[in-house]
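Dumping the structure here so I can ask a few things about it.
In order of appearance the chains are A, B, C and D, and numbering begins at 1 in each one.
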């Protein structure tokens, strides 16, 4: 099988090694596009493509969600001297699937005096918000649902929409704990959205573009976290902190604060509606991590060290998709590590952290970065 | 100026304390040998309880189906919860004397608090604790046990 | 102060009080009416300073109902026991000491709950463990055919 | 008739009453707190207790003295051994018995092990209250080691029922000394990890310093004892003031802090764990030879009179007040349980703080609900 592909590809472009061609998804997507165009009218082509992408993202969504739940449980178990899930399947890998079935079959408990429409709408808003954000993320070269020229802005804007679902859930549940949780979440997201934006702007200044594919392409000879040295690193840390807060994860999980508010905004949800919140939390984490990977760690770009040709070749050999996933999971692991180490903050401390520490540091950081870019002091 | 230095110092010390915490959890994450979880139902075979473990009260019988219980009822008196009930009968011994012996030694596991007073106060050491700890049954009536085996007799030489 | 000095001290406050040398602590039998003023003096007087009420127990003596106060001074480390009782079983009433020692608040609620002893001037005398339909279980004449099983 | 217009801006109208418990993750049992809030700020807390009131004091009146032991086990189940010791000491004091040194030393070692395991569980659940779930597992992991020691010697893990009037139930297990020494060695290495994970953590400092201040006067007036009281500078360690068992022959210091906030309550307990290890180390190598139990009459009857015994449990001062009328059953038993008294201060120190602080303060008071309800 392999030699054939090599033969096929080397004929088209002799200068590039074969694996670079294989790892480029652009020809594949273009081929699908053109063959669809040949078969049907442009309108139906678009519809079919949308359907295909929708189904693919849905599948990816479910897989990532299930895997992340499993990974989180394993990671936290190992940090806590436990084994974690180990009953269903080898090493418990089917545990989350079993959980999924459990959640699917569970009764949806109707809540007395709850605002029924909003109560049912809330989980969908949360999940749609995270669903939309996935569309703009470049998984590998050419593996892109949509390449907006304001990709970064789009992802941040859309992923922040989930808080509306959280607010609605808290409000409509007719539960006092839920309401407190929702209000906390609102205050939290409004504050931390600012830091997320500013941290990314630091890099946008360097890249000179908000298009995600351009940002990734600009990191061909070095990731931004290395290129932008000190300010980029600070921005990365701030991004990590504030994005953890944005996804309502520990130590910033005040909205659900299980020791204070039992389960916060999703106290009253059960069955699949609860699963939506649960899944959305993990997908949000994935999205945030993939933005961090794309913007700071070079997306699907392999790790290159300037003059080491051999080393760079070996790195090139690893498929970009693996690079991308690896970086994303590294960031996710960092976030899990935070969650399972630190105690939770209080709501006023959370806001103090944002307005007194992160925001001023961030503003100064943007300034420094602009200056560095202006003087050309970056690598 | 001093306030700025303090501000930065605060941040650095804070981050350092957080990193120290992460070191602890991180080091355990990369040392799976420290895991303490026992895979309980699958390690049943080599799971040994300590010999003093108070699982449930039993009446040891020897191979001739003999026990040491004389039916004196001291255990029943000492039990704080009414867990034990001794039903005695009178038997006629070989030399023709009437003698008290147990008919049934009833033990209600569901009420037992494992205070060990019955085992400790038994004058003839007829009772003991077993190491069995899997007591779950589907019917509560199964928790009422008769400790003396059917057809068992008093061990010779025990008064 | 040791027991003898304490006894003399109590005598100096009120001649009529009955003082009993207990096996462990000095015991003072106080009439219900004198209780509050004695308690206050015991707390405030410089030589005594019984600032720590470490136990307050209601007791049913069969005929009488009584309250026993165990007091200790955190400064001098001496202990005294105040005992008071009343023959009125229908509406037993003592003065509350919860404004002298705040810990008495809960203790008195407990005594009210389990023995039905009322404390005048208590800020919030409600039942603590049981609901209002229960009797007063620690009284000796309490009967409960359902919950108390005796062989 | 004039209709009164409701003033919706008054404080009473704006109160947001939430019902924490009886089933709530941070009340550690069936404690119900009716919390009045204004926004996130706590205005008033009203504890509702009695959900597991079993009437232990009433039950004691109808059982004999050795049988009381299994009930005191179930009061403060985390310091079961110390509770039992209180009853036994009281009975022995009433009978004016001489207790051999071996029993005293065994009891002291066991008490201190109980104190350590209780503080470990407290540390675990306190970390969990603050949101650091990992603390919970580390605390329980280390506690398991002590429970194993208990299980080997006493046969029980939590409710040990090891004391009895006149001594202890069984002699210590041959492995006991070796295992305790191993544990001390292990735990001396692990305890600094607790500090790295929680005590030194900047988030934890923010969450606990200056929260729930209890002044010395209030601590005495409310009778808050144990580590919670000592954190306010209230010298209330019964082991020092009225030494019982072998505490009069060992050198240890009473841990006192003065701030009285959540952090100093925390650090008092951590220091107590170190101190308890010191106590055990002093005793473990020189357990005197002798009988493990004094022969008692089959029916123990206390002479008529009143007896009061105080001991220091992991949560404070436990008083056992026995009134005997000369029968084999006590006439009246009163347990002055430390948690019951410590709970009374909860409302006082939590006013004006936030919900999250309420959880932190509740955790730092270390309430065990069965001891409150009895």
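Please note the rule applied: a contact is a pair of C-beta atoms (placed from the backbone, for glycine too) under 8 Å apart; a residue touches a chain by one contact, two chains touch by 3 or more.
Since the model is a prediction, treat every value here as computed from it, not as a measurement.
Counted as hops between touching chains, the shortest connection from subunit A to subunit B is 1. Following the contact convention of this document, B is the list of chains adjacent to both subunit A and subunit D. Taking each chain's centre as the mean of its CA atoms, A is the chain most distant from subunit C. Per-chain CA centroids place subunit C at a distance of 24 Å from subunit D. Between the Cα centres of subunit B and subunit C there is a gap of 41 Å. Distance between chain centres (mean CA atoms), subunit A to subunit C: 65 Å.
Under the contact definition stated at the top, not a single residue of subunit C touches 2 or more other chains. Within subunit B, residues 18, 21, 24-25, 36 each touch two or more of the remaining chains. The set of subunit D residues that touch two or more partner chains comprises 134, 141, 197-198, 201, 203.
Here, these are the chain pairs in contact: A-B, A-D, B-D, C-D.
Only residues 76, 79-82, 176-177, 180, 250-251, 253-254, 257-262, 340-349 of subunit A touch subunit D when the two sit together in their complex.
The touching residues of subunit C, counted against subunit D in their complex, run 22-25, 51-55, 57, 59-60, 68, 70, 74, 77, 101-103, 105-107, 110, 114, 128-130, 137-138, 150. Those residues of subunit D whose C-beta lies close enough to touch subunit C in the complex are 49-50, 53, 55, 57-58, 62, 93, 218, 220-223, 225, 234-236, 241, 305-308, 310, 317, 319, 321, 323, 332, 334, 336, 340-341, 343-345, 348, 373.
Here subunit A touches subunit B in the complex through residues 75, 78-83, 86, 337-338, 340-342, 357, 361, going by the rule given at the top. Interface of subunit B with subunit D (complex): residues 13-15, 17-18, 20-21, 23-25, 36, 49-50, 52-54, 78, 80, 113-117, 120-121, 129.
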